[in-house]
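You will see two complexes here that share chain A, one where it goes with chain B and one where it goes with chain C.
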Partner chain A sequence: MESSRLNVSVIIKLEPDFSEGNVSYNSDGTLNRAETKSILGPHSAVASMAALNTKIMYNADVSVGTMGPPIAEQALQQSQLICDADELHLYSDRIFAGADTLATAEVLRAGVDKMHGGVKSDIVFSGHRASDGETGQTGPQTAWKLGYTFFGNVIGFSVDLERRLARVTRLVPIQGLHDVIEELEAPLPIFITIHPSYKPVFTTVSQRLTFFKCQKEARDRSALYKNYLKTFTAQTLGVDPKLVGLPGSPTIVYRVEKIPRAKTSRMAEIVDGSKRDQIKAVAKKITDMVKVK
Partner chain B sequence: MEKFDVAIVGGGSAGLAALKQLANLGKQAVLLESGKAIGSKSISGGILYSKKPKHGKAYNVEDVYGQEFVTDAPLERPILKYILHATSNEKVYSIDLSAAHSYQTNYAYSVLMNKLNSWFAKQAGESAEKYGGGIIPGVHVQSVEWKDGITTIETNELDRFQVKAIIAADGVNSEIAELTGARAKFVPQELYQGAKVLIKLPEQIMEKRFNISESDGAAHLFSGDIAQGHIGGGFLYTNRDTISLGGVYHYDSLLGKVVEPYELINKLILNPMIREFIKDEVPQKEEIDKSLPKEEQLRIRFSVSKLIRTWQDLRQSYHSTSGTEALINSGKYKSREEILERLDLIRKDLNSKYGTKFITDYVELEYSAKLVPDGKRCRMKKPYHKNVLFIGDAAGRGIFVGPRIEGINVGVDDAVRAADSVSRSLDRNNLDYEYLGGFYAHSVDESPYTRDMKQIDKDYLKIFLSATKDVPKDIIGSRYSMIFKLMSSETFRGLAVGFANILGYDRLLPILESEETYNQVPIELAEKLGRRMTSDYRPSIPTIAERVAKLKYDDDTVSHIKVSKPTSEFMKKMVSLCPTRCYSIEDNQVVLQHEGCIECGTCAPETEWRHPRGEKGITYQYG
Partner chain C sequence: MARSPTLGISDEKYRHLYVVMEHEEGHLLQVNFEMLGEARRLMDEFNSRYSSEEKVVAILLGHEMRTQCDKLISCGADAVIYADSPEFKYHRNLIYTRVISQIALNKDCSKKISAQYGDEFQRPRFMFFSADDTGRHLSATVLAELDSGLASDINKLVIDDIELKHEHKTKGQVEKYNKTLEMYRPDFSGFLWTTILCLDNRHPDNRKDYHPQSCSIIPGVFSPIPSDSSRKGIIVDFAAILKPADLNVKILSRKAVKSPIDFDSHKAIVSFGRGINESPEENIALIDILKRELDAEVGISLPISKKPYNISNSKLSAYITPERVIGTSGRKVAPSVYIAVGISGAMQHIAGMKESEFVIAINPDTDSAIRDECDIFIKGRMEEVLPILVEELKQLKAIVEVRS
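Presenting the complex of A and B:
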């Protein structure tokens, strides 16, 4: 039944690539954004994996959206490569600039409402948080604006399509103790921020076959991602200009502490494996270390 | 439990052909391959043949994949020249066997198994999808169970599922054969061990050196002293811009006179003729001054590596018509001369700034080894068990007679026969074991390849002998000159072959495959008639540790092999015969370090031997 098809939305973010070789710093130790390459944020990638899971398990219709400058298309393309998205949304407008998490959430709320041809989403995924200086509020605030039940730190989920019920497992960190795994049930729609440790597993033959089919489709689709891309402005999204961008941001940044670049503390030493004395020296270092412990 | 019509275990060339053929017939099949990616576990020499036997039909790759195979598949070079060299020290006597090589042959291509199997997988996978099947890599089949008429497959990675029939294409070390009790493990008398190295050589240098054109290639076989008294020989095949160099030796002969497989390869490399074939211009890095600051040392290391890589890639393109064209078309260079200028510039830069020298040497890309079933001795007489049909190496099938080395094409032929048999059973909804298996066994029996595994083909013998007609028979000592003389006469040959075939191939084999034929006769030939080859070049041969260090593994924490007889004579020989030196002796006990295992199967006869779990173990880049 098409009407019972699961509509899954993902909100993602383009972030600087902090991996070695791709990140560039100014001489004062601040991030050089122009020189640093941008990629789909690692948390957004995990959220995309969760969406792929719904595609394989429930044949979900997947939409991915992001707010950002035109270059954020790249993140959408990378996300599509992971989750084989059926639709990509870019919310891009000069007036969105300077948005805090709340103003961002307003744009994303409006965006999610436009996904799946305007049909309500059943599940919305977002990353745990962004890795370039955000505090993990965008997800919950978007959920609040959408009026969806919110689950954070989710490490697993399943959906009962007939009863339109979701069951999620989430990590609850308890200070001083081990994390507790909590299992909860809620009617759809729900909003999930996915924990970085989430990893989908496919254990039946059909799931694996679908997985490879989706992977292939995702490769083909993301090569032509523009065919799936819709760009929205404040106007086409129909958001109130007072609620987005700088005017919609109640946060006042009092002062920004520079995060100085950590001094490299590890130094690689290259050892020639064919030289016995060098290998011996390594072995000695290791045994010395063990002895200290 | 999920249900599928057919499961194929193993994604080598045989299993993939079975999947494609089943899809051609509109049947649903799932192929499970334990390697991380298709093609990552198969190795071959390898020349892929397409055959047109006079009697009976051989199913070829193009019958399965269509005529596009020849135009689209990643084939290296069509092999037109096939030359056998008898060696003794520096002396080499060569016999042109091209006519024997092209006997009943449509074509023969040199191939690299990883690339080729990936191509097969793409075709087979796409076709299989249409019928609800496909390929699942990274899954290791653990066991097969029959209960209440239901066949279930258990793997390490997936939920159990149910099938109507199974095609076992899990290679020479087939676990399916062993765990279902379809056949006993192969014993050394039934096996060869094959090992090879892949060597880099730019296209046009290769063409000049081997006297071949852009659109053909050559195969060189070696026997004589390079075999170091073993039954078997060496091979050298020209690929597009690499050379496959290796040897295939009878396993019991290796057990009799223990020698490290890589030493046999090294012996080949040291032959002056081969030295001249493989040598190339190779950059040699200068030791970095250790007194420099660490950062500076790193910078130099990276700069040198980068420059060398650029130089190598550019040189590769420079020595290839298509490569040069691509560079010019891309607008990066205006002419061939300009590329050469740039190459010289980089070379000078490397030399003057970093002290890099350019020496004569050769570059190994990959070392590999695997057992090969000697179809003459070990092909399964009943190639099925219940509803499991065995094909290719798993069924012990392959033709290895003198210079004939054929396994890939035989597996493809089996695959078609197995797929046809399964399809017939599914169509008639009759999965009775005898109905399915009996039909398959009969079909395999009718294969011209089975005939080649059972008896001598007198027409082939004639062509073979006429290639050796210039050899003065009286120079070969003992009984062989007599046999040669007799065999060269048409009437005698007919009679003798007829008689021999009645007597039985099995009884004839010890005479055909003996130290005399493989070692003494070639050595005598080389000594008495051979040309003296010279080469000033001294190759710097990598140690086995260096060869293993280049391989890609995904280590499993637990070993897939269990040593059950740590003090047996056989196991002690593994210390030498394991191609990657996984075995050593401690306190008179043989111990295994499984991390370097390349899953060749050599130690299988006396160990509890399994393939690693899905995605684990060796991943060959070339194969």
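Presenting the complex of A and C:
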């Protein structure tokens, strides 16, 4: 029953690699982008794992897409290695440059519409937020433009294929109060941003066998990832040039400056870390503070 | 999707600052009062500068919460647009986005808020949301619906008339943008501030209005104004139009849980930052010993949450998780004792721990910003200081135990 197969799409991003040895900081503590390598973002990797889960549980057809320069192919390849993607999309065009979240969402909306041979997706996954930009806006804005129901902070999900319903579990921190875990149900299609703590679990023997099969297939496919790759420009995507890149961005970066140091809020007593008697006094202070109250 | 109207010379169709409230089961969150406080300060200055009477308008969706609207007025709102339905008891992105977008574009509401500007009103001039997870997602979908610009995680706001030229917005010409909201956003490192503007396109080939100028605001940054029950304001009841398709997200279950990482019930917190980088595994092991000695909880700075090191010991690597981040993009803490190990003191980290009672920093560099934020600054390398500190703590404990 090919027609009822679950169509799953993943939106990913090539991001700076913050791991030691690959990341480079300027002397003032800011990221040195020129010297820092790029990889599949860690949140994108989690979204790719969620897609792998749908492949194992529901035999889903998985497409992965990203907007970026040609080098972003690397991120697609890394994602395919995780989720055994059937199709990779790169949306790459000079006119996409300088896009804010809304203009980026417009490209990704058009991209998702092109996935699975132009058939509507059932579930779209994206990361919690990018590790460099960290706005967390692009996912929900893409969802809204697609007209898919959006769920953020998702730690678990399941699909009832017959009823075309999804169940999602969300973990939402409520500032100053507590965390909330809620379970929701909604008709497909849905758009999910996956919480970083998400971990797929495969319990049955057949799931584990499928998992190993997918892993092997993913290795083979990602070695030849170009065979699965389609590259789109603004024209082949069919987006309105006025809605993408700089023309489609309501916001601009006006100024970047070093954050001035705040006024001194405490007068620090300086202690020489090589003097045991001075550290002894600090230990005494700590003990008093922790005990007394 | 709602499209922006075409560009007009005057800005009369944009009025007021709309602030979106958040609640948990009818309990108004603290960030509401912080946003209203900042909104009040900004609009008081705005109205005196531009000789106008634009309002601070709170938007509240809830169920049986009408009595709480007065509280919002006491804390700075000129008006509250309140929508009541059992459907609004808990936050759901889809229905909240629909209704808040309806409210933002509703002329009748704006007439009730201000007869003076009611006829010409088309959209809010400015719009604020909370930058917690709920507000972050809500702001994104509302602004996608309203087709305007949004800046996230803001911690400073200024309204000014700005002259600028931009490759696209002004086609390289100098143009003046009056009443522009400068939205300051600290970057992930905490060292850079990016000012984001939401501007109409005045490019002759692509004219388009972008209002409201919107942002999400970091909780805990701005101060509320003192509550004053004599403040006057109006409450506008809004009858939302709910379509069946917007209601088909069903909440099956919902429960409050304690975060597995519980900063509040520990008297001491030991946090570490990139200063551990010379020998990460060994240094985290030292921090772990100090943590156990003090029965402390362990926090980290934001750069650490990006897992920059390979830590083979799984108990130690468990400390490197986003849930432990202290700062504007993580938790706010206020323990009796806060020990910052190898933390430079980026603003975004300071915001998360500045309420601590007593702060100790361990750092080799007396020039680092954390020096201005601590009570004791131990100058030295953690590799040398931590073992001595732990030994001394153990000795003190031994003395106490002998005595008792």
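Observations on the model:
By definition in this document, the second predicted complex is superposed on the first by the 249 of 293 C-alpha atoms of A that agree within 3 Å, B and C clash if a C-alpha of one lies under 4 Å from a C-alpha of the other, contacts with A are read in each partner's own complex, and residues count from 1 in each chain.
Assume contacts are C-beta pairs under 8 Å (C-beta built on N, C-alpha and C of every residue); 3 or more make two chains touch, one makes a residue touch a chain.
No experiment lies behind these values; they were computed from the predicted model shown.
When the two complexes are overlaid on their common chain A, residue A:Q137 makes contact with chain C while staying clear of chain B. Of the two partner chains, chain C is the only one that A:I181 touches; chain B does not reach it. Of the two partner chains placed by superposition, only chain C is touched by A:V172; chain B is not.
Residue by residue along chain A, chain B and chain C are tallied for touches, and C comes out ahead. In the overlay built on the shared chain, the residue A:G273 is in contact with chain B and with chain C. In the superposition on chain A, contact is made by A:S249 with chain C only, not with chain B. Chain A uses residues 267-270, 273-274 to touch chain B in one structure and chain C in the other. By the touch criterion given at the top, residues 1, 24, 27, 29-31, 90, 92-94, 97, 130, 132-134, 136-137, 139-141, 143-145, 147-153, 162, 164, 166-169, 182, 186-199, 201, 203, 206, 208, 210, 219-220, 248-259, 267-268, 277, 280, 294-295, 303, 306-310, 321-323, 329, 332, 336-337, 339, 344, 346-347, 350, 354, 357-362, 364, 366, 369, 371-381, 384-385, 388-389, 392-393, 395-397, 400 of chain C touch chain A in their complex.
Residue ranges on chain A touching chain B, taken from their complex, read 203-206, 208-209, 212-213, 267-270, 273-274.
Chain contact summary for the complex, chain B toward chain A: residues 2, 4, 30, 125, 129, 132-136, 139, 157-159, 161, 294, 297-298, 301, 543, 545-546, 549.
Across the interface of their complex, chain C is touched by residues 18-20, 23, 25, 28-31, 42, 98, 100-102, 105, 131-132, 134-141, 143-145, 149-153, 167, 172-187, 193, 196-197, 242, 246-247, 249-259, 261-274, 276, 279-280, 282-287, 289-290, 293 of chain A.
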